[in-house]
Structures are given as structure tokens and as C-alpha cells.
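Both complexes below contain chain A, partnered by chain B and then by chain C.
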Partner chain A sequence: MNEFLLTVFSAAFLATVIRTSTPLLLATLGGLISDLSGALNVALDGIMLIGCLTAVIVSHYAPWYVGVLAGIGAGAAVGLVMAFFHLRMKADIIIVGFAIGALATGGTVFALSLATGGDKGTSINLPSGAVPAVDLSFLGAIPGIGPALVAIFSGHSLLSWVAAFLVFAIWYFLYRTPWGLWLRAVGEYPAAPEAAGIPVNAVRFWSLIVSGALAGLGGAQLAMFNFIGFTANMTAGRGFIALGAVLLGARHPVGVMFAALLFGAFDGLTNVLPGHYPWIPPELIRMIPFAVTILALLLFSYRAQRALALRGVKA
Partner chain B sequence: MTTDATPTAPAALPAATAAGNMKPPTRLSIAGRELGRAAIAVIIAMIATLLIVFFVSKSPVDALMTLLTAPFSRVRTFGLWVDDVAKLTMTGLAFSLVFQARQFALGVQGQLYVGALAATYVALSPIGQTWAGLPLGVLAAMIAGGIYGFLPGIAKARLGANEIVSTLMLNYIAIELCNFLVRVSLVPPGSGLLTTDKFPKTSLYPVLVANTRIDLGLIFAILCVLGTWFALYRTSWGLKLRLVGHNARFAEYAGIKANAIMVSAMTVAGALGGLLGSMFVQGQAFGQLTVLFEGGFAFEGILIAIVARNRPLAVPVVAMFYAYLRQGAQLMNIRTDVPAEVISVVAALIILLVASQFGLPAWLKRNVLGTRRGATR
Partner chain C sequence: MAFIEARGIGRVYPGGVVANDGVDLSVEKGEVHAVVGENGAGKSTLMKILFGIERPDAGTLSLDGRQVHFDGPRDAIDAGIGMVFQHFSLVPSFSVYENVALGSEPRKGIRFDREAAIARVRGLSEQFRLNVDPMPPVRTLPVGQQQRVEILKALYRNARVLILDEPTAVLAPQEVAELFVAIRSLIEQGCTVIFIAHKLPEVLEISDTITVMRQGRTVGTVKAKDVTEHELATMMVGREVALRVDRAPRAAGAEVCTVSNLRLVNARGADVCRDLSLGVRAGEILGLVGVEGNGQAEVMEAIAGLRHVADGRIVVADQDIVPLSVLRRRGIGIASIPEDRIAEGLATGASVAENIVATRLKDRRYVRNGLLDLKAIKANAVRLIEQFSIRVNGPAVPVGTLSGGNMQKVVVARELSEQPKLLLVSQPTRGVDLGATQFIWKTIAAARDAGAAVLLSSADLGELLALSDRLLVFYRGRIVAAFHNREGLSPETLGTYMLGLSEQSPEELRAGL
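Up next, the complex of A and B:
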């Protein structure tokens, strides 16, 4: 037990958490943007998957950064399609999300099969690029905490740092710029910004596009750092866990970052547990992130409901 | 009873108001418009398929012919189609029921697994060797599925927990649970198999047509269609359910316990999902439980429900068309160079187009359909 706790609170485990959290955090930020604009983006998982495949295929032919940009672009394009069907064709956003999900699960396998000449499982025959790790070993020169800092912060994907920066950037955007105010107003009560002359539909359009781009970036990180290459259905529900993380994080950028780190920690635990407790069935370990998401959802819902009750609003 | 004709077709309303002072739409005209929209969606999706197949295939004509004609080419493939229709109908019904209550519960997959597990435990127990194996297996599956539908329902009713997230997570948990139980308790220890023994004959669905997969499941599907239709449109529970689906707050003001109705809808849909699980493992197709046997099948019900506009009687019709496409795609996958997954692109397009409130472009309406619009006035 002690040994296990030592592992969990070790610097190496924190590094694992950052690694497993990054794709989740990027998708969660995407979910946050669309959620705040009033559209629940249930397609996050599908968009991540599309981002994964695009990044892998493009990075086979081009440098890694082009692959990442392609992942972002593919995500944004899917977001654009969603926005088109939701806003122009007036389709229900959740149904549009389902459709994109269906398109992604089958469509990625279809595209993979075409790209690899018949392989429907993995892109193993299609060597793809990786996002470079950021080496911060110079931090080791700091006396005392130096080695620990290196263990925790060095060697992470460049995109982990981008994700951390995006948390700040999105916070700044949402709470310190007029456009952020517009976005929140559109999600909160669209009639008010409409009356104030704010282009409500344009705000919603851009939110979905940005949401898709962020999920696509999460997919690129997943397929170009956490794993190298594409496997059918490799997101394994991360996009849906991200939806839970948006709720758990109280729809605030910093909150969702901690939520994503929490889910990332349990994801990391599934890597660590088998080594320490080989008698725990692997199936039960794999259940952990999903079970934790449900528990977190229940807890959050309970608290939200109580907060409403305290304010005298009937839920 | 005009109320039950208008609601699930909110998409049809703006078109009617836009045309000005038209008479209130009748059931028939709405049905016609819905059919027309579905037909347009299918045509566009088929054109897209055509383009994709021409783009990826070396022998596009062969591939398309296989897609469109192969399912009915032999008795065996015909049987596969019927079996697929029955199962698609069940998942479509389960989704229709929760969608009618305006709950985006996606738990059919999980219900399917727990239902299949429950049926398997009955079939492989001593009871499975007796005549009671079949009915008790079905019953156990429905109860297990019902409980699995009830849980996210009560979480939503009591705590307001988002049902999309909770049901999806429960799906993943059910899949892992199935993996776990099969490995640990359902196969001989140490064998490393991922499939249970064949169920005893007494626990299997009887075959209706020899040498095909057509079995008792088809009868169950038909009964469930009729039962769901009756429950939704001929009982007070169904009226309340549809009312809650349209406007939960209004339903509350009218004295309907919206939460109780919602939970009951999710529970009944769960029981349907559980029954589907039994249809899989106790049916002729499997007759045993294999891990991951479902492979995302349950989610096809979303397409069925959306295209059928959540109408129980329309569900089997849509299921017939879609099952035909699915089977055609499978055969195309085997016999030609086009992967079966092309069907998911078609499915996504159909969902998007059916869910859209697209009108025909104005010029097309004027030139082609101008006379018809005049006639309805």
C-alpha cells in the first residue's frame, strides 16, 4: 500500500497525469467553448477521432507541425459542418452531434482502410510523425527542488504547454474581452445580446468552429504523442469524459482544467495499478475513468441543484 | 387526436406558417411531407454513396450492384436481412421511446450487454436445461436492462444529472463488466476463451424459417412495435409521456409528474434494450455470449429513431430500408474493394438531412413543385 501511495504521489506519476490529461484538457476546453455558447457538443469524441486520423495521415507525408495543424483544421471543418447544420439548417445540435459521431467512428475506419490499402485496425503501415517533447532539464540546476521540477515538467509534449497556455488564453478571452462577454451572453440568454445588436448567430458559428478545432488539436496530441499512430476508436470515450469534465469544472476554464487533470489522474492510475496490484482484474481498472465520471457527474449535479435550491429557484 | 400528429414534427410547422394562411395541416399532409423529406434525404445520401464508390472503387458498377441487389439474392442473405430488421427495430424502438420523452439517453448499448449477461446466466444455469430457460432468460434480460435504464433516469430526476453523459459512461462500464464476467465466471477457468459454451437448445429462440437466422426474435420485435405504439398513443401514460416530451414545464402545471414519467420511459426503454440483448445471445445468430458481440450496433437505433421521427409504427419500415443497406454494404465489403464502413458516411448524411429543416431551393419549388403547392391551398 505504502509503495503504491509513494508511486501515486511521485513526480513520475504527476508527469504521467500531465501526459494523459493533455488530450482530455484540449477536448474539454473545446466542450467548454461550445457549452458556454449554448450548444452541447456531443461530437467531441468523434471530432477527436477525426483529428487523430488526419494528423496521422498528414504527418506521414509532411512535418509534424503540419500534421498538428491539419488535425486542428479537420476539427474546425467538422465544427463548421456542425454549425452549418445546426444554425442554417436548424437541426437539433445533439442530433447533429450524433451524426458526426456516427460519421467519425465509421468514416475514420473507412478512410484508414483507403489510406493503408485495406487495414481497418491500425495505421501501423503508415509511419507518422510525433509532437516533439520540450526538454527542460536545465531546471535541474535549481538547488533543492530542481530534480523534482525536471521529473514533473520536462519531456512533455509541446502541446501540453500549449494546452496550459490555452487555459489562460480562454479565461482571458471569456472574462476580459468583449467577445468573451458576447459568447457567454449568447449562451446564457440569447434574446439580450440579440437586442443589443450582437451578431448572435456569428458568435455561435465561431464557437462551434473553435470547439471543433480544440477537439481536433486534442486528437492530434493523442495520436502524435500519447500514442504514435492511429487505432480504430482510439479515443475510447475521451470526448464523452470531456463533456463530464466541462460540467464538473463548473464551466470555468480553470475549473475544467482541474477536472481534466482529475480524470487524467484516474486514467494514469489505470496504467500504474496493474504493476502494484496484479490481482485487480484489468477490466475493473479500465472501468475506473468511466465510474469516476459518473460519480463526479452525480456530485456536481447534486451541488448545482442545491445551489439553485438555496437561491430559491425550482430546478 | 390531432395533437399527436403535429408534435414530433416541429420541423414541419415553420413551413406551414411560412406559406401563409393555410389550413391547419392534417395528419395525412404531415405524413406526406415527412415522407417527402425522408425520401429527399435518402436520395441525396444515395448520390453521395454513388460518388464515394466511384471515387474509391476500381469496379464501381460491380460494387454498387452488390450494394443494391445482394441482400435478396439468396435465402441465407434474406434471412440475415430479416434478422437485422428485427434487431434494428428493437434498438430503434428503445431510442424512440426516450426521444419522445425528450431524453437523450444513449444507454441502449449498456442495456444490451447487461440484458445479454442476465440471459446468459439463466441459460447456462440448470434452469437453462428446462423449458423455463427461454422465458426466464428473456425476463431476466428485460429486468436487467430495465434496471440499467432506470439508474440514469433516477439520477436525472433526483439530481438533474445529464443523461447523455451518464448513459454513455454506463455503456462503457457494461462492456467492461461483460468482458470481466465472461472471463472470470462464464467460461471454464483458465481456458482463456472469450466466448461461452453454446446455450442448451431449450434456452434458444425457436427457428421460424429453417436454415436461416429468422427466429422468435422477429415475433418479439413485432409485438414490441405494436406494444410501444399502443402504450404511446392509446394509454394515458403515453399521452403524459408525449406531453412531458413537448413541454415538461407545461406538463408539470397540468399536474403530471414529469419526472416519474421520464424515469418510467427510460426504464421501459431499458427493458427493450435488455430484450434486444437476449435476442442477440439466445437467438439463432449467436446462441452464446461473446465479448464485444454488439460492436456498436445499438447506436444504429439513433438513426432509425430520428428518421422514423420517433414513431413506433414507422420504426420497422425505416429498419427494413436501413438493414437492406447494411447487409448490402457487408456483402459489398466481402465481394468487392469498397469497405463496409462507407455506410456510416451515408448514415450520418441521412441523419443530418432528416434532422434539418431544409426546404427545397426556392427556384426548384417555383418551377417544379409550384402546382402542387397551389393544390394544397
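Up next, the complex of A and C:
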């Protein structure tokens, strides 16, 4: 037990948390943007998966950053498709989202087999690029805490730092710029921005595109850093965990960052626990993040229900 | 030529409803111009055309001598026209200044310049005596203030013409007075106000000129000082109307419904009302008076079974009904005409016949062996459509396609086709035209005369005074005054209690209770 706790509170484990949280955080930010604009983006997982595959294939032929940009582009394109069906063709956003999800699960395997000449499981025959790590070993010169800082913060994906910056950028956008005000108004009470002459549908359109782009970026990080290469259904429900993180983080950029870190920590545990408790089946451990998501959502639902009950509404 | 000239405006909605048919309107600069008419007379359509939301199929519009075409509200706003709708378009969690600036934010680089917005809103509020603090979130403000936030929004966009759509419908008398102060201040500073209304005394008080509309046409334009309320009503309806209900004085019978020590709580667990007691007797109408949100609606909901009772008893016909389901309550003779007919009173996609039978699905006349007797249901609907003069092309028509007045008649027909012991009525004539109002009032009065105990809550004091035998005034979840409705009881008297400016002594209260 002690040994286990030592592992969990070690610098190496914190570094693992940052690493596992990064793709999740990017997808969560994407979920946040669409959620605040009033659309629950259940396609996040599928978009991530498409981002993964696109990034892997493109980076096989081009430099890593082109692969990352392609992941973002593919995500944005899927967001655009969703926006088209939802806003122009008036389809229900949840149905559109699940359709995209189903398409992504099958479509990525199909595209993979085309690209690799028949391989339906992994892209092992298609070596892809990797996102470079940021070396901060110079921090070691700081007396005392230097080595710990290096252990925690050095060697992370460049995209981890981008994600941290995006938390700030999205906060600034949402709460300090006029367009952020528009986006929040559209999500909360569309009649108000409509009356103020704000192009409500354009705001929704862009929100879905940006949401897709962020999920695509999350996919690129997953397939070009956390893992190198594509595996069928490699997102393993991260897009859905991201939706949970949006709610757990109280729909605020900083809140969702902490929620993503928490979920990342559980993801990290699934790597660490088997070493200490080999008798726990690994399948059970891999369920932890999902169980936590469900518990978190139950907690929220319970609080909302209690509020309703107090208002006298009978379920 | 007048400041605003609309000539021969025509608008036919898809589906063939003629909303405007050759409407003329001319508004002089710097006046308060009221547009009055029954619901469905075409006032709202005309205003939507003035504000660019609807495009006219015929006719011309000119502003300050120049012909104008509005392709959307943006164009109208740019031309200096602002509109305050009956339903406010405010984002609840945003502060006042954020709501006001939304869409036209002052910027500093890419930043929203909050300080500039706050200063501007504060300045406008002072200049036009609107008395609104720019900082609090709008959901914490009372309705009257929210309305003035809407006015600020228009002024912020440099509106010179302000269209107010039924602005007094949601206000207490004192709030109406405050609104009128603001309107006068707007006029003094060169604005023009178009005021849509159907409460005639207010119209006569505030406006300089009045245009009357009926069935999509303009009936005439008169100066407010040359016309009486009765003449206006006649112009609106096209025949003589008497908005009076003859209340036969009668001794009230035994107490049908007794509420004792009732406590209700809201979503946050705070008390909506506590220790509240009241009783209604057979054959009397008890009016619950109060600005919206002071607990009267919640008490009605609790009696109807739509709201959890935290504490206390509600006894109807010698039986505590608190543990009973809505269906059981209906079984012992409680009928309810809810406040929001669309959300709570009707299934708008279902037909008139289905709506009418919806509360009787255990009645063997309409349902046998678990199957609907469609013939009986239809025959019943046809009979009630006739009896309650509902204007509809047959019982199979979806309720959602009817006008507000006819929808309400469907609710009334369902609830009053059989004599109830206890009748709960909330806002029975909100958004209902004069003709239907008169009919609904008579129907409620008839239920009372036949021995029902009636609880009536309404935002319209005129309605409460016209119908009630007794009146209870609610303020912050407490009964602060009780009156027998006699000649000489004025809206102003009630208003003082509604706003919590005064409170009756326990002795006075007991006399009224």
C-alpha cells in the first residue's frame, strides 16, 4: 500500500498524468466550446478517432506539424459537416453526433486498410511522425526543486503546452472578448443575441467547427505522442469522458482543465495499479475512468433533480 | 407628412391568415402613439413590419419623409427604431450592462471594453430616469427593471423611436407609474414612443394619439383627449361591449377548501411561503392578488397537486389532499385552469377532442375496456365546441392552430363541462381578446353561482376586481391584506399592499379573512 501511494505521489506519476490528460483536455475544450454554444457534441470521440488516423497517415508522408495540422483540419471538416446537417438541414444534433461516431468507428478501419493495403488493426506498416517533446532539463539548475520540476515538466509533448495555453486563450476569448459574450449568449438564451442582431447561426456554425478542430488536435496528440501510430478504436471512449469533464468542470475553461487532469489521473492509475496489485483484473482497472464519469454525472444529475424536487416538480 | 408613415400595409401569412389588410399608421415626432385592438387585430404584425422582422406584402413605409425598406431588425435599428417585446430577450446570467451592450460592444483592441459599456449604461439610465444599476445579473431583477433594461438596450443603439409591445401586461400599478415616468422623460428628450396595449385606462393616461385596429385593418385614429374609454372599446370590438359581470350577491356556503399553515419551498430550498392559511367557501370567488413571484401562483399549484408541499395541510371536502395524486384530486371535484395554457393546459399537437377528453380517461363514457370510444369523444367535443362557442373547424383540428382566446376556451370547456367543487383559475384571460374574455368571465361566474368555490389569481387587477367576492393580497409569500370586494376598492389601494408599502393589522386581516 505504502509503495503504491509513493508511486502515485511521485513526480513520475504526475508527469504521466500530464501526458494522459493532454488529448483528453484538448477534446474537453472542444466539448466546452460546443456545449456553451448550446450543442452537445456527442461526436467528440469519433472526431478524435478521425483526427488520429488523418494525423498518422499524413505524417507518414509529410513533416510532423503537417500531420498535426491535418488532424486539426479533419476535425474541423467533420465539425463543418455536423454544422451543415444540424443547422442547415435541421437534423437533431445528438442523432448527427451518433451518426458521425458510427461512421468514424467503421470508416477509420476501412480507410486504414486502404492506406496500408489490407491491415485492419494497426498502422504498423505505416510509420508515422511524432510530436516533438519539449526538453526543459535546464530547470534542473534551480537549487532544491530543480530535479522535481524536470521530472514533472520536462519531456512533454509540445501539444501539452499548447493545450495549457489554449485553456488560457479560450478563457480570454469567452470572458474578455465580444465574440465570447456572443457565444455564451447564443448557448444560454438564443432569443437575446438574435434580437441584438448577432448572427446566431454563424456563431453556432463556428462553434461546431472549432469544437471539431480541438477534438482533431486531441486525436493528433493521441496518435502522434501518447501512442505512435493508429490502432482501431484507439480513443477508447475519451471523447465521451471529455463530455463528462465539461460538466464536472462546471463549463468553465479552468474547471474543465482540472476535470481533465482528474480523469487523466485515473487513466494513469490504470498503468500503475497492475504493477502493485496484479490480482486486480486489468479490465476492471480500465473501467475506473468510466465509473468516475458516471459517478460524476450522477452527482450532477442528483443535484439538479434535488433542485427540481425542491421547486416542486415531480419526476 | 408625419414622422412615421405606413400606407396600405398588407401582410398575409403562409396558410392564408390575413394579418394586415391595408393598414395605415402615421405617428408624429415626439408623441406617445398608442395602437390598440383585440388580440388578432394585427397590431403585433404591424409592429414587426415597422421593426423589420416581417416584410410587408403590400404598402410603403417612410421614416422622416424618406421611404425605407427593412430587410431585418438590424436595418430598423440602424434607422433609429428600437422595440421592447412582451417576452424579454435578456440572457439571465449576464449582467445588465452585458445584456445592454450585447451585439454592439465597445472594443479596445479585441477586448470587450467593460468599463466603457458600464459608463455608457449608467449614463443612459440617469439621463432617461430609468433607475437601473448596470452591474447585477438580470435574473435577479424584478420584471419592471428587466423591462427598463430592454428600453436601455434600444437607447444604447441610439433609438429615436421606441416600440413597446404591451409593456404594462406584466407590471404592478406602481411599476406602471414608474414606466410612465420613463416614457415621459423619453418624450421630453425628443424620442417618439409607439405603445401597443389593450388596457384602455392606461392607454388614455399615457398617449397623445390612439390608432385603433380591428381584424387586420385600421378603424381610425383619434386624439386621446377627445375620446372616452367606452368609445374606444366600441371601436375595438365593433359593437357595444360591457366588460362587467353581474355578480349576484349571495351568501357563501360552507368552506370547501381550507389551507392551513402551508409551507412551500423553491428550488434553492428557500421558503416561497410559510405558515399560510386561507379558506374558500362554496359559491364565492376568492381573488389572489400580488405581483408575480410573491407566492400566489405557487399556492395554486400546491392545491392542484403540481408542487411539493413542505409542510401544512390542504383540506378539500373534509379530506387532506396533500398526499393525493393529481388524478385523485380531480376525482374529488377539483378543476384547474392553469396559468400557461400552452405548457400546462393543453397538448398543442393533439386535437380539440383529445384535449377535452384528456382528464376523463377513467370515465366509462369515453373509455371502455381500455379502448377509446372515439364516437363518444367526438360527440362530446362537438357539444362543448357549440356550448362554449369555440371557433374551430371541427373537433379533429390540432389545438395549437387556434388563437389564444379559443385555446383558452378549450381549457375552460374541459374544466367546466362538469360542475367542479373547487375551481382553480390562473390568468384566465392573459392574451385573450375582449370577446373571449367576456365569455370566460361569465363562465367562471356561472360556476360560482352554481356553488363552486373558486380561487382566482391574475396579473390583471381589473379582472380580479370584476370577478372576486373577496381578495387576498400576497407579498413575499405572506397574506398582507384581505378585503371584501365592495364598491370603492381601487387598484391603487391594492397596489400599495402588493408592493409591500403597507400591511394590514391582524384585526383588519381577520375581518377580511
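Throughout what follows, the second predicted complex is superposed on the first by the 302 of 315 C-alpha atoms of A that agree within 3 Å, B and C clash if a C-alpha of one lies under 4 Å from a C-alpha of the other, contacts with A are read in each partner's own complex, and residues count from 1 in each chain.
Everything that follows uses one rule, which is that a residue touches a chain if its C-beta (ideal position, glycine included) is under 8 Å from a C-beta of that chain, and two chains touch if they have at least 3 such contacts.
All of these numbers come straight from a predicted model, not from anything done at the bench.
Undergrad: Chain A residues in contact: does chain B have more, or chain C?
TA: Higher number of touched chain A residues: B.
Undergrad: Taking the superposition on A as described, I'd like to know which of chain B and chain C A:I124 touches: first, second, both or neither.
TA: neither
Undergrad: Does chain B (first) or chain C (second) touch A:L181, or do both, or does neither?
TA: So A:L181 only meets chain C here.
Undergrad: For A:A169, is the partner it touches chain B (first), chain C (second), both, or none of the two (neither)?
TA: Once the two structures are laid over each other on A, A:A169 reaches no partner at all.
Undergrad: Which partner does A:L243 reach: the first (chain B), the second (chain C), both, or neither?
TA: So A:L243 only meets chain B here.
Undergrad: So, does A:Y189 touch the first partner chain B, the second partner chain C, both, or neither?
TA: Only chain C is touched by A:Y189; chain B is not.
Undergrad: Mind pulling up the chain B residues that touch chain A in the complex?
TA: Per the stated touch rule, the residues are 11, 56, 104, 155, 159-162, 164-166, 168-170, 172-173, 176-177, 179-180, 183-184, 296, 299, 302-303, 306, 339, 341-345, 347-349, 351-352, 355-358.
Undergrad: Looking at the complex, which residues from chain A come into contact with chain B?
TA: 40, 42, 85, 89-92, 94-96, 98-103, 105-107, 109-110, 113-114, 120, 237, 240-241, 243-244, 247, 281, 283-284, 286-287, 290-291, 293-294, 297-298, 301-302, 304-305, 315
Undergrad: Under the definition above, what is the set of chain A residues touching chain C in their complex?
TA: On the chain A side, the touching residues are 176-178, 180-182, 184-185, 188-189, 191-198, 307-314.
Undergrad: In their complex, what parts of chain C are in touch with chain A?
TA: Touching chain A from chain C are residues 72-74, 77, 85, 87, 89-94, 98-99, 102-105, 107, 110-112, 153, 264-269, 298, 301-302, 306-308.
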